[in-house]
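As structure tokens, here come the structures.
Paired with chain B in one complex and with chain C in the other, chain A is shared by the two complexes that follow.
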Partner chain A sequence: MHLINRHPDRPTRLLLVILPFALLLCAYFFGSAQRLADNPNDKLLPSAVQMTDAVKRMAFSEDKRSGGYVLWQDTASSLRRLAIGLGVSAVVGLCLGIAAGTLPLFGAPLSPLLVVLSMVPPLAILPILFIVFGLGELSKVMLIVIGITPILARDLEQRAREIPVELLIKAQTLGASTWALILRVVLPQLLPRLLISLRLVLGSAWLFLIAAEAIASEDGLGYRIFLVRRYLAMDVILPYVVWITLLAWLMDWGLKQLTRRAFPWYEGARS
Partner chain B sequence: MSFIQVNNVWQQYGDHVVLEGLNLSIAEGEFCTLVGTSGCGKSTFLRLLLGQERASRGEILLDGQPLAAEPDPSRGVVFQRYSVFPHLSALDNVALGLELPRAPLLGRLFGQRKRAAREQAAALLHKVGLGHALDKYPAQLSGGMQQRLAIAQALIMKPRVLLLDEPFGALDPGIRKDMHALLLDLWRETRLTVFMVTHDLSEGFSLGTRLMVFDKVRVDPHAPYAYGARITYDLPLNSKRSEAQAALATSLASALQPILGLTP
Partner chain C sequence: MRKPLLSALLAAGIALLVSLPSNAAAKTDFNVCWTIYAGWMPWEYAQAQGIVDKWAKKYGIHIKVTQLNDYVESINQYTAGQFDGCTMTNMDALTIPAAGGVDSTALLVSDFSNGNDGIVIKGNGKTVADLKGMNVNLVELSVSHYLLARALDSVDLQEKDLKVINTSDADISAAFNTDAVQAVTTWNPMLADIKAKPGVTEVFDSSKIPGEIIDMMVVNTQTLKDNPALGKALTGAWFEVVALMGSQSAAGEAALEHMAKASGTDLAGFKAQLATTQLFRTPQQMLDFVNSPELPKTMDKVSGFSFEHGLLGQAAKDSSAIGMRFAHEVTRGDKGNLKLRFDPGYVQMAVDGKL
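Take a look at the complex of A and B:
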């Protein structure tokens, strides 16, 4: 049978899903055990026990200096910045995308501008953000906003253009003004697409967040990783990376579920 | 007096002449079917009537007034595809036409007015045979049911002109028959003026009270776009049906005259 026609059945599929993760873990712990056997003070590949100790220290015991639980404080600060950044970007991106994609008079000046703006490397203007907005929360949120808004806006502009012109004409024959047409036809059709775009830019948003935290911050997941790097504390860094990955995956999954629940018509309409 | 008057209309895109010298006079309540080869300009003519495009030359008068230059509620339309809104249920698709003009700010009605709009929409959907599918999204409906929905959606506005751009082109022959019957019923009842573009000649003959054939009269093989299409045949059809309709209209008018004080 040709490879292209062979499909895994349910148990095989489950096995195939788990296999690469299991292999990665095995490879890691095998390497870790080897290095620790050679040198018990090795810091590069900490064992499961060392990492568990680090997690206990960071997440479940009070920090002597601040009196809080470091991992949870970091998580709360990072998620707050991320949520504000994503929220602002979503609203601004949606407005720009609809304006540029639906109204030709707005699209003419906006589209080329958005193309150029989306080419500016956000990290290159991070110093400008620190100079203009100071070292506080605002500059970190602004980095996320500046980094992903043009991408969202361009994607939504494209989706708005893909709405068949027949539908826009039909709405006008039903007595819609431009405003009502945007509100009742364009906006609802773009909302599920916005959630999908958000999932796609989630990775970039985390990148900008951690970059901003690494450079100027007093807490946050990215801040912590770059702080403990000085002591080669891989036993803290690795669980933090796993935690960030888990958070990002959960957000992605949550957005996917939200798309399906809130817009049941969307899957059917695409096919 | 003619309801729609087309005076020497030309349509060209750059050097590409699509329509040339169209002159027509259409009475209210006529069912015009437009046939012709692909690319001969019948859909272009429909877009002119819809207000989606403006004629390069000439004018189209509706009731003696120049046609509005953009789509508006006076002219309903059903396309072959993409006629209904995928994000709204069948009921909301039809109720939308009642909500949009009455709620300029939010585009939607609330409370009592919303209930009234939905009741009116539901009644129309029952009439076109979609009473069982009020809460379904268009993607859950078959092609024929989607077109029924599109027709209901257009009719809720009580337009004076209904424009149909190959509305049944993608349907099975059996379903198409049902749709023809539905369309004729609705046309008799509403006394709409209908323009229907079709590829199917027999459909054009059986439905219309007037069949117009679009074709190029002059062809220059070295400049295929130099000349546009004209209406080469303009045939009155199904005269019994149109006479019956006219007779009905006259008798109705004379019956109503003493009540309303109208002159026929």
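Take a look at the complex of A and C:
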């Protein structure tokens, strides 16, 4: 049988799914044990016990200095910034995308501008962002917004252009105005696409969030990682990285479920 | 049909794990790293002009001197074992390698900050007491943070009387230009930049706590013990460059010019930075500093600050968790856990002309 035609059965598939993760964990704990045998105070590859202790300290015991639970405070601050950033970007990106994709008069100035803006690396213009938006919450949210809005807008513009012309003409012969056409034809078509685009830019949004928190902040997941990096506390950093990965994965999964529930016709129409 | 595939993968994985590298003891090739800072620019010159190579050759070894762009990362790399030596401050030597169980020796205590770190507040005629209730931007848990704590001590304020906002050193100059930022604590060259703005006051600087923020070349203790040649070559190269810098000759000026260029400033700017850096010009000066009874007292303050801020690790029960050893067999902290050593032996050789 050709390799291309060989499919794993259920138990084998499960095994194959787990295998790479298990190998990675094995490699990690093997290296960790080796380093800790050489030097019991080694901080680079902490053991599971050390990381569990750190998690207990960060998540389930009150911080001596601030009296709060550090991990949850950091998570709340970061998620709030991320939610505001993603929310604003989604709304602005959707409006720009629809305007540029359906109305030629708007598309002419907007399209090239969006292309250029989406190429500007936001991290390179950080000093300008600080001077314009200050160092507070606003600049952190704005970094996310500036980073992902042009990408969302460009994607949605493209999707709006892909709506069959026949559909738009039909709506007009039935008496739809431009406004009604956007609201009743274009917008419903683009909403599921917006959710999918959001899933794709989640990674970038996290990147910008952590960069913003690393530069000037007093709380947040990125702030904590860059702070404890100063004394190589990998026992804190690694659980934080796992936690961020889990949060990002949950958000991705949530958006996927939302797409499926809110727009069941979308996937059906494509298959 | 499926089993061979699986077992092959498992075998490959195990082979990968077993082939992880192990350490060797005796060696002739060494790696040290440094980062850009006025007091460490002699390493750049020593590397570029072949002075390190010359001394290494004399003792039959090879030393590669690498410049890294990120200070904290350079110390982390040293702690992880990628480098045999690295430039760092006394506080970072205690809280990163020593607290991480890497027994480290301060081979060359090359200078102390004498105005190179400072606290600046916007507005004229401000004092340290004005910091009360303010937001202060600084690199948290760095020597800036220590300087702030010492400044607050001087007016009986505490850290909880103000709010510290962690700000990266690369962005602190830009941050100071925004209205939201009222006070910063930082070091040169950013400090010079910020101080030069109109309508600001420098309320405290490191010249008020002389000898407490120390810059050093730190070497792995075990490596140094096994290979004294490394210590001798680095010490010899260092004092050759420092002597040249202070020689007032044309060659000395050329060396300063070279270092100024490499640190991204001009000769005048570099000299201004050196003026606030108390560089030990002769082996005797360095030896006196390392032998002085003030050094253990300073390190007591530093370990107290580090413990209060959780920098000595979660296992630390008090500020004596990490043992430190000084000249004349003086020790501080846990004698069973000596991880930071100030060793005057190699400087003594330089004083005696035995290098």
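Assume the second predicted complex is superposed on the first by the 271 of 271 C-alpha atoms of A that agree within 3 Å, B and C clash if a C-alpha of one lies under 4 Å from a C-alpha of the other, contacts with A are read in each partner's own complex, and residues count from 1 in each chain.
Please note the rule applied: a contact is a pair of C-beta atoms (placed from the backbone, for glycine too) under 8 Å apart; a residue touches a chain by one contact, two chains touch by 3 or more.
Because the structure is predicted, anything quoted here is derived from the model rather than measured.
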Chain A superposed: clash or fit between chain B and chain C? fit
One more residue to check, A:170. First (chain B), second (chain C), both or neither? first
Is A:121 touching anything from chain B or chain C once the two structures are fitted on A? First, second, both or neither. neither
Considering only the touch criterion stated at the top, classify A:67 as touching first (chain B), second (chain C), both, or neither. neither
Which holds for A:265: it touches chain B only (first), chain C only (second), both, or neither? first
Counting touched residues of chain A, say whether chain B or chain C comes out ahead. C
Compute the least Cα distance separating chain B from chain C in the superposition and give it as a whole number of Å. 40
Intersection of the chain A residues that touch chain B with those that touch chain C: none
Contact footprint of chain B on chain A as seen in their complex: 164, 166-167, 169-177, 179-181, 183-185, 188-189, 263-266, 268-269, 271
Show me the residue ranges of chain A that touch chain C in the complex, using the header's touch definition. 6, 8, 12, 15, 19, 23, 26-27, 30-31, 34, 38-44, 53-54, 57, 65, 126-127, 130-131, 134-136, 214-218, 223, 226-227, 229-233, 235
Complex interface listing, chain C residues touching chain A: 1-2, 6, 9, 13, 16-17, 20, 23, 72, 75-76, 79-80, 95-96, 99-102, 137, 139-142, 160, 163-168, 171, 174-175, 177-181, 311, 313-314, 339
In the complex, chain B touches chain A at residues 50, 52, 70-73, 75-77, 79, 81-88, 96-97, 99-101, 103-108, 137-140, 153-154, 157, 159
